[in-house]
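Before any comments, here is the structure.
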Amino acid sequence: MSENHEPQDPDAAIEAALERAVSRRTLLRGAALGSAALATPALLAGCDVGGDDNGNKEAANTAAQAGTAKSGLTFYSVTHGESGNVFWAIYRNGIRDAEKKYGATVKDLPLENFAVGAYVDLLNQAIAAKPDGIYATILDQNAVDKPLRDAIASGIPVIAVNVPDTRPLAQRIPYMFYVGGDEEGGGRLTAQRQLKEGAVKHAVCIIHEPGHTGLEARCRGYTAELRKGGAKVDKLPSSKDATQATEQIKGFLQKNTDIDAIFGVGPQPATFALTALDELGKKGQVKVSAYDMTEDLLTEINGGNLVSTIDQQQYLQGYEPVHWLTLNIQHGFVLAPGVDMLTGPALVDKSNADKVAEGVKAGFR
Amino acid sequence: MSTNGDRPLVEAKGIAKNFGRIEALRKVDFTLGRAEVLGLLGDNGAGKSTLIKILTGLFPPDKGEIQWEGETVHFHSPRDAYEKGVATVYQDLAIVDLMAIYRNVFLGREEAITKGLGPFRWIDRKKAHEQARKAISDIGIDIRDPEEALARMSGGERQSIAIARAAYFNPKLLILDEPTSALSLRQTERVLKSVDEARNKGISIIFITHNVYHVYPIADRFVILSHGESIAEFPKGKHSRDEVAELIVTGKEHARKLGYGTES
Amino acid sequence: MALDEQAPLAEREAARPARGGRWWTATRGLLTGRPETGALFGAAVMFVIFAFIAPSSDTFTSRIALSGLLSITAELGIVAMAVTLLMIAGHFDLSVGSVLGFSSFIVPYLMLEYGYSIWVAALIAVGVAISIGLINGMLVVTTRIPSFIVTLGTLLIWRGVLLGISGGEPAHVEQESILFKIFSYRIESGPFRGYQVSVLWFIGVMVVLTFVLLRTRFGNWIFASGGNERSARSMGVPADRVWLVLFVLTAIAAFLSGLIQVGRFNVVEATRGQGYELQAIAAAVIGGARLNGGYGSVVGAGLGALMIAMIQQGLVLSGIASYWLQVAVGALIIGAVIVNQVLGRSRPQI
C-alpha cells in the first residue's frame, strides 16, 4: 500500500501518526485517570518505535528488527469493519504497514453483515486457530465476554479495538488495553470548538442511524457540553436518504429559526445540513460540524462552511495492536492496568485541515 | 369450409395413447357433426382428459387419426389447433378473478379492442365494453357492468363468461371440460343455456362430463368412454338417462348387451 | 334491473348513471371503484391533520415544506410506481435501492476515473441499469426462484459491487450541466420558488405508467400475469416477457431517481438508496397494491409515496421526534391493507 505514496516516506508518516497518538495519550492523562495512568507516558515514550530522539530509539528499533527476524507471529483482527468501508480501509492500511514493520502476519476477519451471533462465530474461529494474539471489537460485551476470557486464560493476549468494554475495570474483560476513539469525547470536543466561534443558544444534533450506540454517544457528549453553557440542544433523527434527510433538516430549520449550531454525527448528515442551509439561503449563518473524515468535509472546512470534524485516527487502531502485541510477546511490556490508548478524538478545523488532507490522500486518514 | 361443408367436422378413428406402460387411450372413435353438441361421457380415469389434450394439440396420439372437415390433421401445438378453429374451456376456466369482465374476455387477444397507429395502440374502452357485452349476451347472459371483476360473479356466470370468450372468436369446435361439475342445478341451467346459444351460432361442441344428468338435456349425441375405449355412440333418445348412467358405470360388458362393440 | 336487461345496449348504457342516483350508491362507487381511492382519502385526511397540528400555524402548508414534501414524493414515487407495476405482475424487486445507488454512482465515477463526459457517463449508466434489470428478470424467469429471493441476492450484490469500486468513498461531480437541469432543476424565483423539476418527472411517469397499465394490451398482461399466471399463459400471455420488461423498468426508474439526486447533491455516497426498496414497497401497498399480485394502482403508489413524505415532514414540523416515523409508517401500512381489504370485499375491480 505504502509504495504507492512515493512523495512520503512511509516510516516518517507512521512516526508522525504515532506522535499524534502520544499527544492523544497526553490528553487522556489530562482527563485524570488516576496515578496509574500518570506512570504510562514514560513507558510509552520508551517503547515507541522512533517516537523520541533519545537513546531508546535505537534500542527499540533493534527490538523491532529482532522481532522481524524471528517473528512469524500471527495475529487475528476480528472487527465489524466490513470490507469496502472507507473508514476500515484506512484501519487496514495501518495493519499492512505494521505487518511489514514487525514481520508479523495479521489475519483479517471482518464481519460483513452486522450480527452479533455471526461476530461471536468469527471470534471463536480466530481463537480456535490459537494465534499469538487477537485484537477484537467488543461489539457486545456480554456476547464476547466468555470467548475472550477463555482466550486470555489460555494465554492468548487480547487487545480491544475501536469499541471498548464499557464496564468498570474490575468487571470488564481483562484485555491488555483498548485502542480506539472516545465518541462522547468527540462530541464534547465539537461543542467546545463551536463555542470558540461564538455563543450557541439553540443547537441540533442530527443522527442518521438512531440507536447506533457510537453515534448516540457523539450526540450525548455534544449535548451535555453545550447544555453546561445553558444552550438548548435538540436531537433530530434523520433518514439515511439524501433527499429525505435534507428535507427533514430544512423542515426542522424552518420550524426552529433560531438554530445557530448543527452537529452532524457523520459525514452524511453534516453534508445534508450544508445543502439544506444553502437551499434556505442560510449558508454561513449557522455553525456546522461533522464527525469522521472525508475529502469533502476537508474542502468544506477550508471553504469556511464547516467549523470542524473529528478524526479517529483509525490507522493507529490497525497499527498499534501489532506493535504492542509484538512487544508484549517478545519483551513482556504492558501498560498500567486500566489505561487505554485513545486514538481519537482529534479535532480537525481550518488550522490543520491542509495537513490532515495530505494524510487522507496518502491513506493514513 | 364451404367445400367440405357436408362432411362432419371431426372424425376420430382408433385414437390410442400410452404413457410408458400406462394405456391412457386404447381405441377411441367418434364423429362430431356441424352445430352439434356431443356429450362425451365417462367415469374418472376413462381417458377424457387425455382425449381433450390430443384434440387441443397438447400432444399427438400414438395411433389413429383425426379428420377435420374430411382431411387428416396433425395438431403440433395448441396454436395449431386454435388456428384450425378449436377453442377449449378448461376446468380452471383460464380466467383471472381480479380482472374486469371485459379484460378477461379479450385476454391475449387485445387486438380486437385496440385502436391507434402501428405500435402505438391502446384499448378503446367504449368498444371493449360493447364487444364484451355483445360476446356475453350472444350466449344468453346479461351482465351488469363489463368493468366488474369476475371475482364478484357466481360460478355459473364465470363458466358462461369463459364460454362466451371462447365462442366470441368464432371457433368451429368448442371443447368444454366438465363445465358443470362444480355448479348448483340453477347455475348448471345457466351454463346449458350458454351452450345452446353457442350451438345456435353454428359451433360444434364437445361437452365432457361424468354426469349424464347435466349433459342430457342439451346433447344431440353421446359417446361413452370407458377404460380408454369408446364403448358406445348413439343419438339422444335412443337410451334413457338412467340407462346411459348405468352404461357409464358398468362399461364394456353392458354395452355389448345393448349391441355395441360387436364389430371388433 | 328487469327493465335494464331487456333494454337495448345503448339504452342500458344511457340509463346507468340514473341507477347511481342515490348518494350512497354514488359514494360507495367512488370509495370502492378504484384501488387507489383508499390512499386518496388517506392522503387528504393526513394533509388536513398535519396542517392542523403543525403548531407554528402555517409551516406544513408553507412553500418550503410543500416543496420539500414533493421532492421526497417525486423520487420515492418514481421508484414506487415502477415497483407497483411489477408487484401487480406478481413479483418483487428488492434491489431497487442498490440499483439506485450503483447506477447513479457510475455517473460521477466514470467522469472522475475515466474522464467521460457527463452525457456519455449517464448513457452508460442507463445501460448498466437496463442490464441489471435484465439480469434480475432472467434469473427470475429462467430459474423460477421467487423474485423476493433473487432480488434480495442482487440487492446485496450490487451494494457490494458499489462498496467495492468506491472503497466506501463518495464520488463527486463538480459540474454544471444541462443534464442536471433537466432532472434536478430548482426553481429559483417566482411563485414556485424552491420547487424541483423532479415533480414534473414524477407526474409524467405517473401518467405514462397509468396509461400503460389501464389502457394497453401490455397493461392487461401485467394484471393477468400477476392475477393468475396459469390462466394468463393458457390465454397466450407471454408472462416471462412481461416480467423481463418490468424488471428493466424498475431498474430504469431507480436510475432516474438516482440521477435526480446526483443533480441536486453533486455527490453519491456508497450508501445511497439503502432502505429504498422497503419504502417503495410500503408506498405501493399503502396505495392499494396487493402483495400477491394482480391488483394495484400507479396513482395509488404515488399517493403512498406522498403519505410517507408527509409523515416525515409532518413529524419534524410538529416537533415530534422522527423516531416515530417508523411507527407511523408501519401503522399506515397495516391500516391501508385493512382498509383496502374492506373496500375490496365490497367490489374488487380493475
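Letters A, B and C mark the chains in the order given here, with residues in each chain numbered from 1 onward.
Here, a contact is a pair of C-beta atoms (placed from the backbone, for glycine too) under 8 Å apart; a residue touches a chain by one contact, two chains touch by 3 or more.
Because the structure is a prediction, the values reported are computed rather than measured.
The chains in contact with chain A as well as with chain C do not exist; no chain meets both. Taking the mean of all protein Cα atoms as the centre, the chain whose own Cα mean lies nearest is C. Centroid to centroid, with C-alpha atoms defining each point, chain A and chain C lie 40 Å apart. One simple way to say how far apart two chains are is to compare their mean CA positions; for chain A and chain B this gives 77 Å. Between chain B and chain C, the centres computed from C-alpha atoms are 43 Å apart.
Partner chain A is touched in their complex by these residues of chain C: 54, 56, 59, 62, 64-65, 68-69, 71-72, 75-76, 160, 163-164, 166-170, 172, 186, 194, 260-261, 264-265, 267, 269-276, 309, 312-313, 316-317, 319, 321-323, 325.
Listing the residues of chain C that touch chain B in their complex gives 4-5, 9, 211, 214-217, 219-220, 223-224, 227-228, 230-232, 234-237, 290, 294-295, 347-350.
Of all residues in chain B, those touching chain C in their complex are 90, 92-100, 103, 106-111, 114, 121-123, 125, 130, 133-134, 137, 142, 147-149, 151-152.
Of all the residues in chain A, the ones that touch chain C in their complex are 82-89, 210, 235-244, 246-248, 250-252, 254-255, 267-268, 271, 275, 279-280, 294-296.
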